[in-house]
Structures are given as C-alpha cells and as structure tokens.
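Naming follows writing order (A, B, C and D), and every chain is counted from residue 1.
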Amino acid sequence: MTVGPMNTPEPIPSARWARIRLFAMDVDGILTDGRVFIGSDGTESKAFSVIDGLGLARVREAGTEVAWISGRPSGATAHRAGELKINRLLQGRNDKAAALREILEETGIAPEDTCYMGDDLIDVPALQLAGIGISVPEACDAVRRHADWITARSGGFGAVREICDLILESRDS
Amino acid sequence: MTVGPMNTPEPIPSARWARIRLFAMDVDGILTDGRVFIGSDGTESKAFSVIDGLGLARVREAGTEVAWISGRPSGATAHRAGELKINRLLQGRNDKAAALREILEETGIAPEDTCYMGDDLIDVPALQLAGIGISVPEACDAVRRHADWITARSGGFGAVREICDLILESRDS
Amino acid sequence: MTVGPMNTPEPIPSARWARIRLFAMDVDGILTDGRVFIGSDGTESKAFSVIDGLGLARVREAGTEVAWISGRPSGATAHRAGELKINRLLQGRNDKAAALREILEETGIAPEDTCYMGDDLIDVPALQLAGIGISVPEACDAVRRHADWITARSGGFGAVREICDLILESRDS
Amino acid sequence: MTVGPMNTPEPIPSARWARIRLFAMDVDGILTDGRVFIGSDGTESKAFSVIDGLGLARVREAGTEVAWISGRPSGATAHRAGELKINRLLQGRNDKAAALREILEETGIAPEDTCYMGDDLIDVPALQLAGIGISVPEACDAVRRHADWITARSGGFGAVREICDLILESRDS
C-alpha cells in the first residue's frame, strides 16, 4: 500500500446520484479515520463525525436505505449504528461484496441503484459491484483506481457527509 | 457539502465587537473538531480545547453572556459546560435560531449585540439572526457564505478563543 | 489570539543550555495538544507523548530538575506525572511566575539557570522570568514574541523532547 | 531531536523483501502516533490503525513471524496484541537489539532475514542489527539516518501496513 497521486475522475452526473436507493459503506477508515482507541481495561472506542451522522439521517429520511458493512466486529460501531438508527449493520464481514449482495436481494434494489464506499482491498469487489463506488483520499492506489469518485474530505472527517449531500442535491434538482 | 475556497470577508471593526453582549455558539465542530469518541461500553467523549475554556471564562468575567446551543444531546457537553460554568446550555435543539431567539428574549439582548458561531446548515438561520456570524475553515461553502468572518483556527483547536480575544480586545481599546 | 507568522529567533547557544538546572513547563498545550477529552461519565483524559516522557526521564537522570505547573487541576496530569516520577507538580496555578519563583526558592536554583516552556498568556511572566523561555508553533503571537525559541514540533507531539535533547546535547559537548 | 529534511534512500529491491522471515517492530510511534491517552481514573488508551492490523494478519498468514518490542509496558498494547494474535510481544524492553536477538535465537532466523521498524534512539541498534531497518517520517534525524527506508505514512496511520504490503508483494512476484 503506497501513497500515490490522487486519481481525478470525472464528476458523477446528478442523474446517476438521483437513482441511488441504497448507500452502503465500510466503517473503519470511512466513518472513522481508521483508528481504534484501545484501553488498558480492554474497552475500545472510535471517533465518528457528527456531520456524517446528520447527513445519513437526512439521506434516510429522503428514502434512501443506509447500510454499514464492517470486517471487524466492534461494540463502538454497534453503539453508533444504534444512535443513528442504522438498522442494516453487518459486522464481521470481510466478504464485503457478498454482504452487499445479500442486502440487494433482501431489498430488491439493483446494483446500479447502489452507492458503496470503502477504503481497503477487501472493499474493491463491492466498489465494483455498486453502481457508484466511492473511496477516500487516504486509501491506497490499488483501491482508489477502482473508485468512481474520491471524496475531498478524509474518512471520519466528513467524507460520508459529502456523499450524503450529493445524493440529497440530486433529489432537489 | 463540498470543500471550496475560503471566502475572505473584511475584518469586522472593533466597534462592532465592542457591542457584543451575548456570545452564543454551536458545540460539535465549533468547541470540538466535530468528532464523537464512542466506546464499546456505550460511553462517549469529546475533545475540548483548554485555550477556548480560558477565553470563555474571560469573556464572561468581562460581562458578556455565553451560551451553547447543541443539536445532539451529550453528557460530555454537559460536563464541560458545568466545568466552565456555562449556565446557558441548550441541548437537543436543531432549531438553532429559535433557541437563540429564546435567549435574546430572556436576557433582553438585541440580535445586533449578539455573536453566533456555527459550522453546519442548521446553524445558518442563527448566523443570519446574530449581529456577527462566525464560522470555521472546515465548514462547507453553504455555511461559510453566510458568515461575517471565518476563524483562522479550526473548531476544537482554538477557533472559539480567537473570537473571545476579538471581543476582549474591543473592550480594551 | 490570532495566528501570525512564526518569529524566528536566533538559536540559543549550547553554553546557555548547559547551565539549565531546572526545566519547568506548563502542561496543557505543551505536554499535550491542549485538548481535554471529556466523557459522558465525567472522566477526562489527555494525550501525552511517549518520546517526551523518555526525554524528561533522561534530563532528570542527567541532574536537571523537572517541574510541571498547570492552571487546570487534572487527574490525568497527576497520573502521567506519577508515571514519569515528576515530583514537582503544581496544579491549579494560573500564577505561573509565582509558582516558578516558589520552586526557585525551594531549590536555590537561579532564574538564569531555568528553562520555562508555555503557550498561553498566563505563561508570559514565567517565560520572562526564566533564563530560557520556550514556546510552541501553535501559541499566539502575544506569547511567542516573549519566547527565546519556538520548537519545530507541536505541543503534545514531541515539543518537550526537542528541548530535552538540546539540554542533553549541551552536556555532551 | 530536531526535525530535519527527510533522507531519501534508494527503494529496497523486492528480492530483499522476499527474504524477510521476521517482521519486528517498536510499538509507540510505529503502531501508534506515539501518544498515550491517560484518564483521570488511571486507565490509558492508544490508537491503533485497522489497516495495519489487516496487513499484519496477512503477513503472518504468508509465513512471516511478527514481533512487537516495546519499552513501555502497557495494557492497551497487550490487548491489541491479543486481538491480532501477535504471540511474540516483549514489553518493558528498552534494550531493543537484545530483545530482537533473543527472538532470532529462539526462532533460528538470521538477522539478514529480519525487518525491524522503530522511531526513537533506543531503536537504533535494532535498526542496525536487522537486514532491513525502517523508520517513519516523524522520527528524528539521528534515527532516520540509520534506516534503510522511511515510510510515506506516519506511525499509527498505516506506516506498518506499507511495510506489510512490500513484504507481501515480494512474495507474489
């Protein structure tokens, strides 16, 4: 994983964002900066962005499903998902694309109407499956080259909010 | 919410700062960097700046009311407010302008004599209501364009202290 | 407190460092990045740098007294001081210069043989009292202009270690 | 410890990475950003990177031993090592080279087939002993000049993952 120049793909047309009915995403590195704070007493915590939370609430109210798919099971993630009422939370899933496919089958949503956001190699198949694949500036080249768009903000610092706003703006226009 | 070029408004004249009798502000993203640390045991914490705390204490001693208006109820915010003796703490209020208006009515302070500081879309009506509206470099364009001034420091890293110092310096001169 | 251009004072000659028998410092903003993590359960924590800790241990072994003078009483600071065996810990002291003078009287060390490190306005009298006054890049202009030297690293990220190394190198040469 | 220009050594040939049978590393500053979060209740925590964890798991599955050698004993480090199933965890060892030598004797691995990663002066002898010595951009000049390579990413933010990927890529080719 080397840090290379950012690819600069074309902006995604608003009409494609307007189709999105499911916004699924990895957790560590996307909703957080990829760090886990581990305590001497075994507790762990993670830093989530308040502006991401507000954005996800609006996206859901606007009728788009939200799902979190995480490789690493974490009580901190479960608590944050509960607070934001994310009812599609899949943890312990390194097979991101298979997990995403399960959600598509359950909901009857087509892959083309799905946006997936991820930052590591295990996210690549899901980035390819989804109609719109998004990554973050910190992701390695091998991941970013499979993304349709790279957010300006970093994971855990509003990257998810950027995508929420693009989805919401496509509804307004 | 896209990250655009910072608007560079004119510096606010000292005479306008000298009128400020109420300094009201959003919490997440202004007094913090907008991140909530969530633990596997359900506890949450937030990072507040010590220099902001010293600045707010001085502003209050100099006779300016201080108020915090937060959309997201948080025990961490309540503890920090208690430590700094912020007695006007309104939590669970996404209707920032309405909350600000309540404080103005209670205190009899005019909107023109008020400074409000916020970073998200729900803060915009309060930024417009207050005599001086302030935002931070991280805020999105849609918020920053409604601010009279953008701090040099980031939220949670001394942005509030900058405004405290401008208020205090206007008293000295 | 505005963020201005860094002053670039002349490097302090090794002979002056060689005289230092007391290295005293502020805590928040110097040994940390000035942030306090406050939990919903009322606990608080602060982030200290491991390389600072190693540096302070070496300075003390080399015969230089170490003292921490903090305005804000904190259990986190007390625990870190205990771990590093800092026996001169003065908390709840906003009168930094008076506190420093007490240590000088107790130890019989002359102000000229003292280095003080601080980042806020309340630190200025102590910066002026000490033979060598040090600040950090984040400090405001009003503080930095009273410092003999500004560290390259930020408070909480090795700023204290830089000064430890300058003291230790002066002993070797 | 002064912050100097980064040395820019030659890239290490893939054939040298392919020989690595032991990847040993310091903890604070390498697997973390060198900060310890200390609470008012005496608990401590550290921030570990999830992408580093995934990388180390893959390196071990590919048959390379992984060892952590830390100067400062920490429950947080022990918990993270347990989670990642790092069975070679040596804590309280400031004599890093001696600790590394013990592992080499136990495993029968030659120094030339070892990669060591460290960021402080006490790591230098181990950096010199190992076939490949790695440091991070934050390390001081006195350490970096003894390293064969400096990662692009910072300690605690994927520096270890970079090395994991170099080891793994050398196996594929």
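Structure notes:
The rule is short, and it goes like this: a residue touches a chain if its C-beta (ideal position, glycine included) is under 8 Å from a C-beta of that chain, and two chains touch if they have at least 3 such contacts.
Treat the numbers as computed from the prediction; the structure is a model and nothing was measured.
Among the remaining chains, not one touches subunit A and also subunit B. Of all residue numbers used at the contact between subunit A and subunit D, under half are used by both chains, marking a mostly different-residue interface. When chain centres are defined as mean Cα coordinates, C lies farthest from subunit A. Measuring from the averaged C-alpha position of subunit B to that of subunit D gives a distance of 42 Å.
Averaged C-alpha coordinates put the centre of subunit C at 30 Å from the centre of subunit D. Counting partner chains per residue, subunit A has residues 37, 43, 45 touching two or more of them. Arrangement of the chains shown, judged by which pairs touch: one closed cycle in which each chain has exactly two touching partners.
The residues of subunit D lying in touch with subunit C in their complex are 1-3, 28-29, 33-43, 45, 71-72, 119-120, 122, 138, 140.
Listed in rising order, the residues of subunit D touching subunit A in the complex are 37, 43-51, 53-55, 74-76, 79-80, 83, 152-153, 156-158, 161-162, 164-165.
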